[in-house]
Amino acid sequence: MLNRNIECFMGCDKEAAEAGIVLFGAPFDGTTSYRPGTRFGSSAIRRESYGIETYSPYQDTDLEDTAVMDTGDLELCFGDTEKALDQIQERTQEILDVGKLPFLLGGEHLVTLGAFRAAVQAYPEIHVIHFDAHADLRDQYLANPLSHACVIRRCWELVGDGKIFSFGIRSGEREEFQWAKSHISMQRFDFQGLEETIRQIKGKPVYFTLDLDVLDPSVFPGTGTPEPGGVTFEELRKAVTLVCSEANVAACDVNELSPHFDPSGVSTVTACKIVREMLLALSK
Amino acid sequence: MLNRNIECFMGCDKEAAEAGIVLFGAPFDGTTSYRPGTRFGSSAIRRESYGIETYSPYQDTDLEDTAVMDTGDLELCFGDTEKALDQIQERTQEILDVGKLPFLLGGEHLVTLGAFRAAVQAYPEIHVIHFDAHADLRDQYLANPLSHACVIRRCWELVGDGKIFSFGIRSGEREEFQWAKSHISMQRFDFQGLEETIRQIKGKPVYFTLDLDVLDPSVFPGTGTPEPGGVTFEELRKAVTLVCSEANVAACDVNELSPHFDPSGVSTVTACKIVREMLLALSK
Amino acid sequence: MLNRNIECFMGCDKEAAEAGIVLFGAPFDGTTSYRPGTRFGSSAIRRESYGIETYSPYQDTDLEDTAVMDTGDLELCFGDTEKALDQIQERTQEILDVGKLPFLLGGEHLVTLGAFRAAVQAYPEIHVIHFDAHADLRDQYLANPLSHACVIRRCWELVGDGKIFSFGIRSGEREEFQWAKSHISMQRFDFQGLEETIRQIKGKPVYFTLDLDVLDPSVFPGTGTPEPGGVTFEELRKAVTLVCSEANVAACDVNELSPHFDPSGVSTVTACKIVREMLLALSK
Amino acid sequence: MLNRNIECFMGCDKEAAEAGIVLFGAPFDGTTSYRPGTRFGSSAIRRESYGIETYSPYQDTDLEDTAVMDTGDLELCFGDTEKALDQIQERTQEILDVGKLPFLLGGEHLVTLGAFRAAVQAYPEIHVIHFDAHADLRDQYLANPLSHACVIRRCWELVGDGKIFSFGIRSGEREEFQWAKSHISMQRFDFQGLEETIRQIKGKPVYFTLDLDVLDPSVFPGTGTPEPGGVTFEELRKAVTLVCSEANVAACDVNELSPHFDPSGVSTVTACKIVREMLLALSK
Amino acid sequence: MLNRNIECFMGCDKEAAEAGIVLFGAPFDGTTSYRPGTRFGSSAIRRESYGIETYSPYQDTDLEDTAVMDTGDLELCFGDTEKALDQIQERTQEILDVGKLPFLLGGEHLVTLGAFRAAVQAYPEIHVIHFDAHADLRDQYLANPLSHACVIRRCWELVGDGKIFSFGIRSGEREEFQWAKSHISMQRFDFQGLEETIRQIKGKPVYFTLDLDVLDPSVFPGTGTPEPGGVTFEELRKAVTLVCSEANVAACDVNELSPHFDPSGVSTVTACKIVREMLLALSK
Amino acid sequence: MLNRNIECFMGCDKEAAEAGIVLFGAPFDGTTSYRPGTRFGSSAIRRESYGIETYSPYQDTDLEDTAVMDTGDLELCFGDTEKALDQIQERTQEILDVGKLPFLLGGEHLVTLGAFRAAVQAYPEIHVIHFDAHADLRDQYLANPLSHACVIRRCWELVGDGKIFSFGIRSGEREEFQWAKSHISMQRFDFQGLEETIRQIKGKPVYFTLDLDVLDPSVFPGTGTPEPGGVTFEELRKAVTLVCSEANVAACDVNELSPHFDPSGVSTVTACKIVREMLLALSK
């Protein structure tokens, strides 16, 4: 009697034993310099997921047929960035240890670093596919090396040259674009070359990190640092489906939804649909 | 002395005798399951129509030269869906009886059923052209057969197989897409095949129902169930112009504007402009 | 490993066995005639409760020391009012059957009828204390007897004259105010006489129904039908504390929060704090 | 057949012949210096009036029993202040000419000048009762003598010393407060002395102008220049009822609602209720 | 000690002596007929410019390397349109007199007339490149010749036939489109022919006026009169870069951002980025 | 030629030499746990101050006659709380060193600690008058001792028992209220005893810290952690006037305005008016 009605991402209600993918949220935006609020992203995605269908006419599959568990949001320490990253790393580690795929919902982009530290330990040969409007390659931002604007630079320090493939980049300092030339592969503005990249790293474990601001703000206004000139929903939908079904994704994240800047609610629905398409493609 | 200043859709101020098209609103959203508010759609369209011009550079014609009467909104019974549908059917019948074309502004998509019941009686051979993001083909939704999510299925029950042509569909349950294959013609995602369809049903009376959420949410956020991945304004503008000028439209509706989810007001303006283009094309 | 992080009203995380009070939500607004959206009320209260403290300096007690279980929201049938009321009645019955106090979060005010039907069965001698801006005594509203505007009239039909005590009423039709004179006790505008009422029904089981729009809209804008001229937060806080600590409350509800009309979030916080004070007073 | 459903202030649907009071709107905010938008005030009041009851429990009377006609909004020339004032004056004159009471809905406060010019012609002995947060006594504002911030000064030029009684004033330049001492009667901050004033001008024709920003912004945020420290709804309700039932009101206006700064809608409802109470008291 | 922290458009902090381009704002919207608020446009652009980077990956240059001074907003007289235009003209004259390029931020589109009057005096042979959704060719609007809807017509009166090249026009009265045929060059809907135009007026001084509502409302909702069917960000970015780097721009303006209708903030960011790209291209 | 138009708090445009009070902003909200955004508070206060008058009818004085300099906002390091506090302390020190009164605009309440550290060094005998809804006496919050929820506890560590006088407190953990009894003077809910306190510490240097959430959310919704049940505008206005004119204020701050949660703009205006009254009282 009197069971609780538990909220999870729509259709992701499997028990731990049967799940192959484990969703969790990291409601952290402590280093956000411009417009804070991505701390509310993961819970908004979970809550609003009930507004979309579990069935995808794009892939002709249904979340009801997949094995995903949503473990809810972490309770992160506020004001101590390193400790928050430790908590994210620990949870990712737990999921990897039992042979499941961690799927992290941010939060700001820095949360990637916590999950990536665990992924590198589990898969030293890991490569990174990175979709974003921003290069995120600063060495420091406002004197802080642990900033959302530095997260890909920090990931690079863990894996070195030639392992990171960025797409859609259209904003950054001049120095970031110059630094990129000798250390990572960067496709500016769009997803050109993505198929080739996936072919190139075939078989290698991949960490896939998606900063939703790669989308044009007309499609996705609800983010801290919107950058006009981004990709369309269709372009992103095809690209994430490609990565999740063709690359060997070992862990992934979706971040930077800031629902307070999304008064019509459309950004949250867009995030939900992208997560659905990723879960379906990963489950194939 | 002391005349009243009556609000109608911009330029649609003809008297009953001279009007060929009769606009009316059905402010009903009683079965909306997710985000209610389309009950405010028709009055918002009427009010905000003054922000656009009566002249269309696309068609080089002007609403001032057309014969349209706007009779305002129905006062619908709330909480009794059947009774509301009866009121809509009755008004549609009245308009058809005097040989005019009824143009219904919703409200949620279920209002179509009221108008369609009258149209089927007047034109037993009627066909349906349906633009929508959602299949709306469920047999029941949350145990309710009279739901916005079932409206095209209810219409089908009145006309049978082969009469309904849906375009732009990108969301629904797996069962709806499967059911569609044997009962209606469904074009997913876009308007491909629309010209061919119009040619195919040339001369037949047509009921044209437009759920505005067929538009991409970047263009039209103000709706109850936004679905990323929709058509552009230009695609819809061309498609409605085609239907209204080439098909033999006997009655039509435009629905699912929910102005409370449109804080910038852009969705309402978009609805106004689409209604203007439809009225102009129908008047040719 | 991999436990789920379950959302409940702050501090209300007791298991069924130890709980004395059971919270549940009824996200229903199907008969709302003006501005819909109270369907989002109970989940907003639960979510935002984390913004307030568990400790009350007013009563010098703490939610951590109480025995409350939050069982989440019911999944109600939309579009069939009677069925939704049945579901609410059934859940209330279950809670009463195991000797616990049901605490219902709406939803629109009509949800009270579901819970009250169960309460009358359990306690035939039950009295009603009712705080509201509106009389809610219409026999029908827009031809519908099962409307939020008729809920106290429907309750009266179950218990008869002299059992209902309304406070704070400042809006209604002339007929409602006249009808009230011979059937219920109605205090207009404020809580004068509340202590006397509680003394008068001492020992009798009481159903306490709180429509939050009894508050002035300056304090509580987030409701479907705001009525200027209401009581202050302090007046309501004292009144609910009095009822919950001095009357013999057998069941209660708090309803009519509509978070979409509360852009600053203040109404939801106000609802949370009133619920906290009620839970603490009931637990004494 | 096919009647239009005409929008008017709730219950104010009498024909010209039977009406004793004539409502009209002046959607003008051309001199607003800070936050524009009162041009949308009168139509918002008309539209949202359906959210309140026609019956007042304060006065125990009903709008249904009154003789009020709502003639809708004027179509004012934008960008030529004098011409807009002429249009307002002309309409007021027309209403006075047939022996009815003009009730003007703004718009910014400058609209008062148009109506007052007509009232002074009809009633040379007219006195003014003025409720406002701002003195509005500047000789010029940003080099413009026809500004909302100068409107009472302009009215004074038409009637001279000792005829104007301002209440609730809490903002202005030092010079305005000093000038007031020798030319008008000004009660700062509240309504003290209002009864005495009404007694003093007993029998004299009165123009009553109500700037709704006299209310505290907690009650009435939706205005161009909110001023913390204002009166409560109850204080204003009592004061307008007193003026409208005890003074010899020959014409009146209610202005400065700016609905775009009222996201919860509460300010508009407040304006509606004040207008209702005024209409009821004037009709006694 | 105690220096002031002065707000300017990001990176535009040069002193007068070294600056080649001088930014200034004209916060005026006095003739706006529909939704006012562009008076807040220039200060919003300045404030939010800190959310974007100074470096452009499109042009591979940086605002830090340019010579731009931002002199802030003019303090314009409200309610006297001619006087406001005089102030804008005077400031433009001052900038032209010292051989610098004036870059005006509106405000509504009428502000162009003030700057253009100065530009015509300095460069009698000046041509106009005009991007807009609206023709702005009315002779009068609501009986007012000094309206935003007439601004290009007023400019034409200063330079005569064959000097004005409009692009992107998709809204206006029938008469405007017809008048245009014999007096100006008008490209409807898009930028087709822009390169040819620039070649044609090679060497001639050019006044470039950009009404941001040429953008589609999905990209740029925050404007007074949004017009669905506009150009994309990429189309506009390329077009302004072409004009500013290939034409001989002597003065320019960017106008019609209305931040109150931009709740997500995306329109302001879009305006900032377009201004950045223009400044960079002009500085080459 | 070409002077810049510098934005400062209205009327606070004195040069350093003549100023007796120096305003500066600290746009920091890095430890905010619930709803971030006070980082935008100081710039909103500065910008919106132009909506109020420089003259106060309460005190019959004018900001134009005072000697206040506004030095704008600090550019704080984000993500390193200690460094941000150092920057605030340093600026406060500079102001104190030249014998002027520092007036800090937050930002979250933690900014007080930076200013207070400087004030304690300059005035070792300093006492604290503290207006707030929250006790802010936690030893740690989410494992962080440098949190807004701990700021008064941190101040206490610098001055010891008997020096801190808190008013208006209505929220906190049970432990904070108990700890307060032996270490500070705390008046719950209101300002009772304020006059007595001022008399008691007559002649002692006073640091006055005002957390604006002491106001009721009906008056001041725009804050991170609104707490129903607070003081009215009039109560706060009188209390700050009393402190600033009767106590020996050596430094002060006003904090916790979060303009994103203030869609009507009323909270910002309220903050502006309180700051004006404080500046006027301090200047007497």
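Note that the chains take the letters A, B, C, D, E and F in the order they are written out, and that residue 1 is the start of every chain.
We adopt the following convention: contacts are C-beta pairs under 8 Å (C-beta built on N, C-alpha and C of every residue); 3 or more make two chains touch, one makes a residue touch a chain.
As the structure is a computational prediction, the values presented were derived from the model and not from experiment.
The greatest centre-to-centre gap from subunit F, using C-alpha centroids, is found for B. With each centre defined as the average position of its C-alpha atoms, the distance from subunit D to subunit E rounds to 39 Å. Each of residues 216, 218, 263 in subunit C touches at least two other chains.
Chain contact topology: the protein chains form a pattern that is neither a line, a ring, a star nor a complete graph. Interface residues of subunit D facing subunit F in the complex, by the touch rule stated above, are 34-35, 169-174, 177, 188-189, 216-218, 221-222, 225-229, 261-263. Interface of subunit E with subunit D (complex): residues 29-33, 36-37, 39, 77-81, 83, 141-144, 146-147, 260.
Interface of subunit F with subunit E (complex): residues 1-8, 16, 22, 43, 47, 69-75, 94-95, 98. Residues 50-53, 55, 57, 60, 62, 216, 218-219, 233-234, 237, 263-266, 269-270, 273 of subunit E are the ones that touch subunit A when the two sit in their complex.
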